[in-house]
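The two complexes that follow have subunit A in common; it is paired with subunit B in the first and with subunit C in the second.
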Partner chain A sequence: MEFLQYFGGVFEPMAFLLLVGGTIGGLILGATPGLSPTMAVALLIPFTFQLTPVHGLILLGAAYTSTVAGGAVSAILLKIPGAPANIATALDGFEMAKKGEGAKALHVSFLASGIGGVIGVLLLIFLTPVLAEWALAFGPSHLFWMAILGVTVIGSLDSKSFVKGLLSGCIGLWLSMIGYDDIQGAERFIFHDALTGGIHIIAALIGIFAIPQVIEMFSKGRQSADVQVVTIQKQSFADSLKILFARKKALCIGTVTGSIIGLIPGVGGQIAGLLAYDQAKKFSADRDTFGTGNPTGVIAAESANNAMVGPSLVPLLTLSIPGSPTAAVLLGGLLIHGIFPGPDLFTNHPQVAWTFINSMLIGQILMVIFGLYIAGYAARVARIPPAIMAAAVLVLAVFGSYSVQQSMGDVYVMVSLGIGMYFLEKSGFSAAPLVLGLILGPIAEANFIQGSMIANATDGATQYFLTGTLNLFLIVLVILSIGYSFWSSRSSKVAS
Partner chain B sequence: MKKLLKSLLVPAAIAAATVTGPVLAEGYPERPISVMVSYGAGGATDFQARIVTMVAGNEDQIGQPIVIINKPGAGGRVGWNWFATEAENDGYTLGAYNVPHFIAQSINGGVKYSTEEFEPIANWGSDPAVVVVGKDSPYNTINELLDFAKENPGKLTLSGAGLLVGHHIAALQIEKAIESKLAYIPTKGGGAAAMKAVIAGDVIGGINNLSDAFRASEAGSVKILAVADIQRNEEFLPDVPTLMEAGYDVDNSSVNFRGIMAPKGTPPEVIDMLAEKVPAMFENARIAKQMKAGGSPMKIMNRDEVLQMWSERQAYLTELLADLK
Partner chain C sequence: MSTRLQQHIIPATLVLGLALTVAVLSFTREPAESFLFPRLISVVMLLLAIWNFLRAILGLAKVGTGVSAATFKTIAPGVLVMVVYCFYAAKTLGFYVAGTTAFFVLYSWYDAHSHKALSSWVRRIVVTAVFMAVIYGLFSLLLKVQTPRGMFL
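Up next, the complex of A and B:
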């Protein structure tokens, strides 16, 4: 309960001002397409040069927390996921916004984020030493099986067709191979300079999700007499809470998946949202309505991606190993103030460490308050006429993909993938499995190659990949997941 | 008509450029300068570049702020390719270099840069590679560890940040010195992922940055066995021997030097001005304090010293990497 005595630090005028500023700024940065939490935190680091370590970290912690949640805003209203964490949010959130339920989607999204986030930070406070060992337990072979487990989700993620889901996953895996391979030093499919560094995930996300709907809106033209005007439904806070608590199962699945997966260095944040979404779908009675605007999907995805924030800092704070790109940036922010994370961080700098963690806790709550406040206004976006909306989204898409690394190459990649995706969607393929392939490809490949290199120097590949409790456990999960997909596709055929 | 217009405009533009060229250098710098870092935000190079340029805007320094632009990808190749082919050489676009990375990559081929395309300005830091093992490792000295490698070729797994970076060069040098093979395991997530592999026991040992290894050893997660440099690091690791002291013919060729450079064709007056002001800026006390706080060893070198260091590395690495091809 040591953390309680440092709560005072969070409420000092300067600290609290930074916390509020960081939260609001983080929500805005997170809602801006192309600005991922990692970039938002990196952009803020120079500002902390002038602050005391405690204040600097409060700013960074607040920004990290709220950018992750802010990404849901553009995912829901514009179908542009701010980061890989928000992909699953867009699947049902955008459908809800189209029906005029944007405010409802934003409300449940922020509430679910807040609950998931608070539980994640509490885990960080109480279970850090236990969790640190768990984070280290994952070597290359386990990460490989984790990625394969993610791949098995691909088939069931697409509600329309199992085969087309797998095929889009394959396209995603292939896209992930493009670029210079850091481990073996091979150049793969680099036909243009813009592809040397591979396809940047943020640029790809913007293209794959936003561009097809822009083309769709343009193709309808301006003779919009028959375009029905969306009525924005008012949403009361009490009603949102009711929706949330009627879906406790999704909330639990999201929070548990997010916290467990968030711990694993190098994998966590990227796939927590999608895995939680898939699990919630499998365990739901009305799984056919997923993807058509079911708030359950938004709840699972958002509780997972915020639950991941706290645990993702465990390896950083205890072992000085940044488990995610954002944690790496935070490490820079700590070092710049002469604070070395490690097992004695909480004894050497308790003031800094606990105030930082407490600020994330309070930050989650502030994030929910401000998020709910803006939700009603933000949802009006859906009333903008399609022709204007299409132009605005296109501008944001170009701006977002360019700003990822100030490169026109990313803009070309974004546009080409977007146009490709438009035609794929026309022929019944969907975006989510493709993106999951793009994310998991490098994780599976790099860990397989590293694992084989280590295996060659030790007992051989069979021994390395197929023995050990954790390997076997993951393999069983993979088999169960594949089996489930087959079973459910067969039983739905029988039903129809 | 269009053609005619073009034929009139092109010579005019050339004339204008020649006339304004020297004038431009005279008022330099009249707007903020950008420095391209070919690694991601938050990485060691990015984070150090931000610190060493933070006082640039002061009147007694360069007089204009420096902004960092990240162009990460393919181990630095994306950024340096861009810098060699697309960066404006008007003095307003500078870049950060990492030696031996970019030199080793240019020797290995497939990139559009080499030491010929870049003009060094000044060096700010040097981060030697060190050999580490996990805290529970049975190996307590570098000799014990490398004896194992001698007796078991290809069995000593050592993680490092990637291919053709300082860690890889150090591994190649060790292989040459012990006349045996190591199992060098490059990672995708840079030095942090390589360090995680050592701490978690995925590999027997690792080659990593002195600064990161120092932190990990302070945290009690690793033992540092040797430094790949010509002298010990008195500031952070006075008790750790160099590989040379331990009896292995490994010099400082793998030391990660970081500094600022300009693209080829930048006006000489601008280069001279920067070559004078930038190393002086690195001397700033505030920078030294922040760098020390972050555990980042500084090494300030002027343009001539860097030119010499580059050409030494170029010659040595060409020879070392010849066997790899």
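Up next, the complex of A and C:
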């Protein structure tokens, strides 16, 4: 119950103000189609430089939590999911809104998100120390295989083509090696002066997640954003609560599905929402009404996509392995403040770690409160024309990436990676494994070198890296993740 | 063939070229200790790139839509403004002048509203000015980021 000691930090005036600001801002950003939670968090990182590590993380955590829930607003009122995690919400949410039950859909959506989210964060609180203690036994060879596993799992699961998913991971690993080598100081792959210091992770994250979205908005041409927002009728909050608790089964299915999916690296909120929706439909007596405005569908989808937020941070905080692209961006936020997550995070920085986790718990409650009040207004941001949105995100990305180290090199890297990523994505490559490769590359290399030194002094590399129960277990997981992806891409080809 | 060429073959060839370059540089540069990990990764990357290339050539690659000529034509002006803004204008003209110009040009180019009505142009100018004022407030006053001034600001 160590986390209880650090609750006070969340209620300090500055911390609480940032939590409220991050929650409201996240709800608005989440409701904006085209601004994914990952991109929103990446663009927010430069604003945390002036803050203490704990305050910066509170802001980023609040934004992460509420952008996922905020995406439901545009899914319900406009049938445009604010993020991929809200696709399943739109199926019944918009139908409810069309029938004049928009407020009811928003109420049950935020309440389900809040309950799912709180349970997800509680899992984070209770699982993290156990896993961290276990992870203390990890040596360099295990950490090397863990880093490789992080890349292969995301490369396999996040991409429709496993060859392209793994290639994306390799490109990310290669990008992480650019610059001067840490041990010998040798130049590696420095093709331009801007690359002398290597690729800065924040500039890369902004470029990889924001610039392809900007170009995607360009691709819509001169398109008007005059979308029709469904009118919201008044709805009693007590009635919404009754509707929610009358569907406890859907709430449980959503929360359990989201929590399990969150723990598996690489499987995002989109899968959690759709899988929970599908399971709730299978177990429902009125399954025929799904897709016609059944609140059960909204409850299952929203509780799942918010329940996955907390567990998706477990591998990040205990093993430095981000479980999702947004967790990868959060890792960037931690590193920029000199906080290195891993087994000893809770020993070296207990105040930062626990205050951050506690803030996510309080953030879930604030998200429900503010979500219910500002949902109707937040939907209006969807009316902002793509032309303004694209220009605004570009300018913000340029200023944000420059402010990282006050270097034009970071702007060049940001825009080059962003344009490259747009064309790679169009060719079937995926951003998530590339980012994971970029982040996990230094961890994998440092442990590989350290392990090689130990191996040279002892029984040799084969013995050190390829034997031992934990090494073999991790190698089997790497092979299984690749094998599963190969099998699923073949079976989907047969099905099609 | 032309669709397959732009969807799969050209990207696969470019990725193979990148993987080859990385492999050649990793195995020819010294000191060897510094290129131990790059060599390991480059071998895996090269094998995957060859596999990906063969799948593209044999018509087995299915994932990826490519960028059609029509889409390319639509995005080209925006990408050109982006490149000029980031690689040239931001440093030469100054961050705020270049940012204002890029925002205004992109907004005006992709705006669905009439390009002949005066009211549309007034709205574009007002939106640009308000947005850049917010950016100035955030980065210059709040975060105190010293941006390159270039010729202007």
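FYI, the second predicted complex is superposed on the first by the 268 of 496 C-alpha atoms of A that agree within 3 Å, B and C clash if a C-alpha of one lies under 4 Å from a C-alpha of the other, contacts with A are read in each partner's own complex, and residues count from 1 in each chain.
The criterion applied here is as follows: a contact is a pair of C-beta atoms (placed from the backbone, for glycine too) under 8 Å apart; a residue touches a chain by one contact, two chains touch by 3 or more.
Since the model is a prediction, treat every value here as computed from it, not as a measurement.
Undergrad: Does the superposition put A:I215 against subunit B (first), subunit C (second), both, or neither?
TA: In the superposition, A:I215 contacts subunit C only.
Undergrad: Should A:F49 be classified as contacting the first partner (subunit B), the second (subunit C), both, or neither?
TA: both
Undergrad: Return first, second, both or neither, reflecting whether A:I419 touches subunit B, subunit C, both chains, or no partner chain.
TA: The second partner, subunit C, only.
Undergrad: What is the contact status of A:Q406 with respect to subunit B (first) and subunit C (second): first, second, both, or neither?
TA: both
Undergrad: If we overlay the two complexes on their shared chain A, which of subunit B and subunit C does A:A328 touch? Say first, second, both or neither.
TA: first
Undergrad: Contacts for A:F189 in the overlay, against subunit B (first) and subunit C (second): which applies, first, second, both or neither?
TA: second
Undergrad: Between subunit B and subunit C, whom does A:I171 touch in the aligned arrangement: first, second, both, or neither?
TA: In the superposition, A:I171 contacts subunit C only.
Undergrad: In the overlaid three-chain picture, which partner chain does A:T462 touch, first (subunit B) or second (subunit C), both, or neither?
TA: In the superposition, A:T462 contacts neither subunit B nor subunit C.
Undergrad: Applying the touch criterion given at the start, work out whether A:L396 contacts subunit B, subunit C, both or neither, answering first, second, both or neither.
TA: The second partner, subunit C, only.
Undergrad: Return the residues of subunit A at which the contacts from subunit B and from subunit C coincide.
TA: 46, 49, 183-184, 406
Undergrad: Report the residues of subunit B in contact with subunit A in the complex, numbered from low to high.
TA: 40-43, 46-47, 50-51, 54, 69-75, 77-78, 81-82, 85, 108, 110, 154-157, 162-164, 183, 185-189, 192-193, 195-197, 199-203, 215-216, 218-221, 290, 292-295
Undergrad: Which residues, counting only subunit A, touch subunit B once they are in their complex?
TA: 38-39, 41-43, 45-46, 49, 136-140, 179-180, 182-185, 187, 193, 196-198, 200, 265-266, 315, 319-322, 325, 328-332, 335-338, 340-344, 405-407, 442, 446, 450, 453-454, 456-458
Undergrad: Which part of subunit A faces subunit C closely enough to touch in the complex?
TA: 46-47, 49-50, 159-161, 163-164, 166-167, 170-171, 173-174, 177, 181, 183-184, 186, 188-189, 211, 214-215, 217-225, 385-388, 390-392, 394-396, 398-399, 402-403, 406, 408, 411-412, 414-415, 419, 423-424, 426-429, 444-445, 448-449, 452, 493
Undergrad: Which of the residues in subunit C end up touching subunit A in this complex?
TA: Against subunit A, the touching part of subunit C is residues 7-8, 11-12, 15, 18-19, 22, 25, 29-31, 33-38, 40-42, 44-45, 48-49, 51-52, 55, 61-67, 71, 74-75, 77-79, 82-83, 85-87, 90-91, 95, 99, 102-104, 106-107, 109-113, 127, 131-132, 135, 138-139, 142-148.
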